[in-house]
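As structure tokens, here come the structures.
Look for chain A in each of the two complexes below; its partner is chain B in the first and chain C in the second.
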Partner chain A sequence: MSGLSWLPLAPFVTSLGFGLLLLWPARREVRVALSLVGTLATLAFAVGLLLATADGTVLVSALGGWRAPFGIVLTADRLAAWMSLLAAVSALLTVWQAAADPDPVREKYHLFALLQFLFAGVQLSFLTGDLFNLFVAFEVMLVASYALTVLGSTREQLREGFRYIVMNLAASSLLVVACGLAYGVLGTLNFAHLAQRAAELGPNATVTSVGVLLLIVFAAKGALFPLGFWLPGTYPALPPAVGTFFAAVLTKVGVYALLRVFTTVFTQEPGVTNTLLLGLGSVTMLYGAFGMASQREWRRILSFTVVSSVGYLAFGLGIGTPEAVRASVAYLAVSVLVTTALFAIATVAERATGTRLVRARGMLEFLPLLAACFLLCALTVAGLPPSGGFVAKYALVRAGLSQGSPLALLAVGSALLSSLITLYAMLNVWRGFFWGKHPTWLPVYRVPRPLHAAAYTASALVAGLTLFAGPIFAQADATAAELSTPQRYIRGVLGDEPVVIPPAPGGQPEAHP
Partner chain B sequence: MTPRRKKPAPVPVNGSSPTTAPLTDDPILRSVSRAVFALILLFAFLLLWRGHNAPGGGFIAGLMTVGALILHRIATGTSALRVDPLRLVPWGLALAFLTGLVPYLLGRPFLKSAYGYITTPLTGEFEWASALLFDFGVYLVVVGGGLAIAYALTDVDPQERVEGDE
Partner chain C sequence: MEALFALLIGLLVAAGVFLLLSRKIVRVVLGLTFIGYAGNLAILTVAGLRELAPPLLTVPGPYMDPLPQALILTAIVIGFATTALLLTVALRAYQVSGHDNVAAFGDSLARDPYAGEGRSADPEHQGPDLPDLIHSDPEEPGPDHPETEDLSPSDRTAGAGGQP
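Up next, the complex of A and B:
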């Protein structure tokens, strides 16, 4: 174990620790400062992880000092570090927004602490190296998100929160069942050990069905088409800052889990799961795109962009070639950042007009810089040339074409079609909100400067996606290469020697039929 | 907008208020519950004590304690716990977290337990472990959370009306 074995735990421990600290009754300034410090520290550790894993090391941190297949380990490879960094960036902007937008009632009931717990759960899900621990991480994340969903108890929040909770509880129970089955079949829950044993077993119907069960669970978490019905209603009901993080990161946790499980762990029969993912992905992007075109409210439209982006990611995973994985990893960055930026923009837009509706007309006059930011993000979401979205979508489509199976070609067609519809929907927003002449009887409110600044910063990051497409794709390349050879991950976690299960103590020989 | 709801009646310490009378007035239940309460608590503490190395632990001990306290509440209509149970949760969490954090900050793995042996004439050799503190944190969280849920459910007033019900 290297000297950096403490690092994979650091983002999780920092978030959790600051979350606990924030439960202490303190003045608002103190809480805001603590939240910002905690999130910045998490971000710093995430950057540290990215640097430490850049050369392909797999960092392993054993909880309580119990070695890999026996105890719970936290592992960080390139993919985990990448996701951890994206989540931390989005978290920082979320806390920024929450700090800029005082909300005495929700803050009294620990908005800031719950946000930190949410970040802790998200970081743990990205960095865990154990299937059951992944479930625990999901629960930490979900408990915090349930509280955040209903915090404030507006009728809309309670109604939508109920759907969200029921859906996620059902998915979580299924995850426990799948964990049990995986343990029953393979006798372990450690990702690396699962992968090793699944490989020893070869293609096996039981293992594949466990994989499909996991796929259903993660599809529900990631809001893939038939299981994502709760998303477009729930996210607009949330307070703006919280909604930003939910939209940008929570569905990506499901996508990350899919990526991890189907590139590292269950790799023996990729045909079944990839076909499913391709099908679900292509339907999801179209569903998201049509949803976008059908809505009239800022954050409802944007929630459907989240659905659509998950569809693209599932499409990338479903193609299954390293080239497609590379494009998906790059698209993950695009999607997280652009969703954060769009929700930050929507917050400012809603506050400036005092309504959730897009149809305000002529706001270009009052918010010129915001209009520029929105245009950039809209182009990124639709995937048009000068934006980072284009680069990533182009890579996805190319990967789909070069794979060449009929289903992949169909999915490429649906990707292009949904991009077109997305563009139409985004232009609709542009026309409705920014274009035209502002009716004089409609008021325009002042929005706090820090909220503006959050939207601009997030948009600057989106612009950075274009400028730094080279390094991002280099990282994505390395990640895809690492994911296509799971042996390196397995060796990093379990070491070079084969795992020996010691005999049971007390002289009882292990029963072998 | 927070829906206005009637403030739930506070749990009376002497049980004299007519609205929150004991759920049952069964004298048998009341006299049996006293002994059973003590027995369950003793068993819960045993589970907590041996939990770090044998079947048991903070979680199950906490659940047993919650069971005992709910029984007390049902039999007598008063809470045996003098503090708001929800206040226990953050303290328990903090205790458990700090127990894990200390070895982490000292450069050992997170949650690594220190342990040793003490021999007293009364108990013989006993293995102590810092995991016991972690368990106690878990215990506090479970007691606080479980009781808060149970008390919230006993305080439900079916006649209650919330803004917008009609």
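Up next, the complex of A and C:
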């Protein structure tokens, strides 16, 4: 275990290092190559993390050699490694798209470097084991995302970017306050130590209110219903490749934080937060589904699918049983990959017709393979049988039914209804874009092959979700088992001996010459 | 002491939220900084307010836990950076749109899907999504889709589409 203690640090440091390297002025080919190499290295380290944590080990790297409750640690358990891997896969497809789609202006202002900084922030958020370091990781991620949102300075980007930045800055201030309150109540910021002390304290109103504060913060980052109003406007305004990563991963960081905090750290009074999550989740999925049905532009529709998927995940977390956590972990994989694939498809579709609207009609004739990919992804989003989405949604619904509280049953109803509306919205896209006869006066543009290839690869991964549903669910099972016994995480981070706080040397300066 | 700080934090948050809800961009930025300072003061208060207790181990006498102060320092640095970034975005927004007013940016969802690219459904919010070519730099292409301009008619294939 000690031999691998550098591994949790590796994905973050790799992305950060390559990001700094990319600031060096170089030709485009060099930058593209560096970006791809950096992202591939991150992916390799993420795979390494997944293999190293497969037997239930909790990898810990103590920064500066300070042991767990005193210094900042980076930790990797099954959940963190899983998220790290998903983010790295999505990152690779994003860099691929950015490489395939030259954008001289944005690249001049360090598009590739900012992408690497964004990946670094995301990886740090997944792998940190410290609440305040989570805030720092969020800020690293968000500062890169603010810059990427407004890079290019179109009017739409500035308007939506400003809204996005203000929303996230307000949420970040709240996160700082929550960190301070957690430290004030429990006297520590390390996740494992927080969990230990919260357990010693037992159910406590102050700790629960800190938990609810954190829930509000992560709900804003993850775009749960009343706080997610910025999302459907912001993501379509972004350049296509960047939008792919934002949609696929950034909201999932908020969901990961919810999962981490409410399964590992604040587990004493789960009723309050679970009720809130169930309620918010069921409203969020309906909001996302109705939003999808109301929009007529490719990436606006897809942005609402992101909102809807966050709703399903919150629903899974809110049920709170190990089966529901297992279904949520599996649905995380489905959601990240299918969102990546759909945004890659939307990029090709928008470029082929030269418009953001889906009303082109008859594109099946020109883009048959893309149509097949879209159909597969649409079925996955809606959760129909031959797709991985069905397996994950079925598991979610079953977990909701077996939990059986009235609110859970209501949420199950809402999940089924919103799946139906999602299917309607997706078929609307199919009817509007692929079906019918193409109007001869509408031009069809040629799209670079690598962009096509990115969409097909992402769709192949979505198909892989069905084929490898077994291994994915085995991983999800193991993760849920680990999350339902937080003692293992605590012991992995803090060691077997109880934490001894050194006696205060107050008033005896001779003790510390 | 704590009561005074609680009142002060409440006042700062109230002022921050009030400013955040206004339409002028600069006031929104100021509101965010107010909320940030309220957060910093909250950490300081929660960690315990004691007189004559510096966070130094090397001097005799009682000392404070130095960690909250480190947290506050980090939060101040990050807040400084994000405020600078937000002000830059605000300045750029002013340059591009010619307004320092959030409402003047318009509402993107008020677009008629059948009215064609860029034409708004709502005459109150005229054309917010058309990039403003007057204000933009000559070296920066304004439109969202610069790639579609470069295509000559020979690229518009009728049969083969984009299919490789």
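Here is the rule we use: the second predicted complex is superposed on the first by the 503 of 513 C-alpha atoms of A that agree within 3 Å, B and C clash if a C-alpha of one lies under 4 Å from a C-alpha of the other, contacts with A are read in each partner's own complex, and residues count from 1 in each chain.
In the analysis below, a contact is a pair of C-beta atoms (placed from the backbone, for glycine too) under 8 Å apart; a residue touches a chain by one contact, two chains touch by 3 or more.
The structure presented is a predicted model; accordingly, all values stated were derived computationally and were not measured.
> So in the superposed three-chain picture, is A:Arg155 touching just chain B, just chain C, both, or none of them (first/second/both/neither)?
Both partners, chain B and chain C.
> By the touch definition at the top of the document, which applies to A:Tyr445: first (chain B), second (chain C), both, or neither?
A:Tyr445 contacts chain C only, not chain B.
> Is A:Val105 touching anything from chain B or chain C once the two structures are fitted on A? First, second, both or neither.
Both partners, chain B and chain C.
> Determine, under the contact definition given at the top, whether A:Glu323 touches first (chain B), second (chain C), both, or neither.
Neither chain B nor chain C is touched by A:Glu323.
> According to the contact criterion defined above, which of chain B and chain C contacts more residues of chain A?
It is C that touches the greater number of chain A residues.
> Touch check for A:Gly64: first (chain B), second (chain C), both, or neither?
First partner only.
> Which residues would you name on chain A as touching chain B in one complex and chain C in the other?
Touching chain B in the first complex and chain C in the second, residues 105, 152-155 of chain A appear in both lists.
> In their complex, what parts of chain B are in touch with chain A?
1-3, 90, 93-94, 97, 101, 104, 107-113, 164
> Give the list of chain C residues in touch with chain A in this complex.
20, 25, 28, 32, 35-36, 38-40, 42-43, 46-48, 57-63, 67-68, 71, 74-75, 78, 81-82, 85-86, 89-90, 92-93, 96-97, 102, 105-106, 108-109, 113-114, 117, 128-132, 136, 139-148, 151, 155-158, 160-164
> How about chain A: which of its residues touch chain C in the complex?
Contacts found on chain A: 101, 103, 105, 132, 135-136, 139, 142-143, 146-147, 150, 152-156, 158-162, 165-166, 169-170, 172-174, 176-177, 179-181, 183-185, 189, 232-233, 237, 295-297, 348, 351-352, 354-357, 359, 363, 365-369, 440, 443-447, 449, 452, 505-507, 509, 512.
> For chain A, which residues are in contact with chain B within the complex?
Residue list for chain A touching chain B: 5-6, 9, 13, 16-17, 20, 23, 61-65, 105, 152-155.
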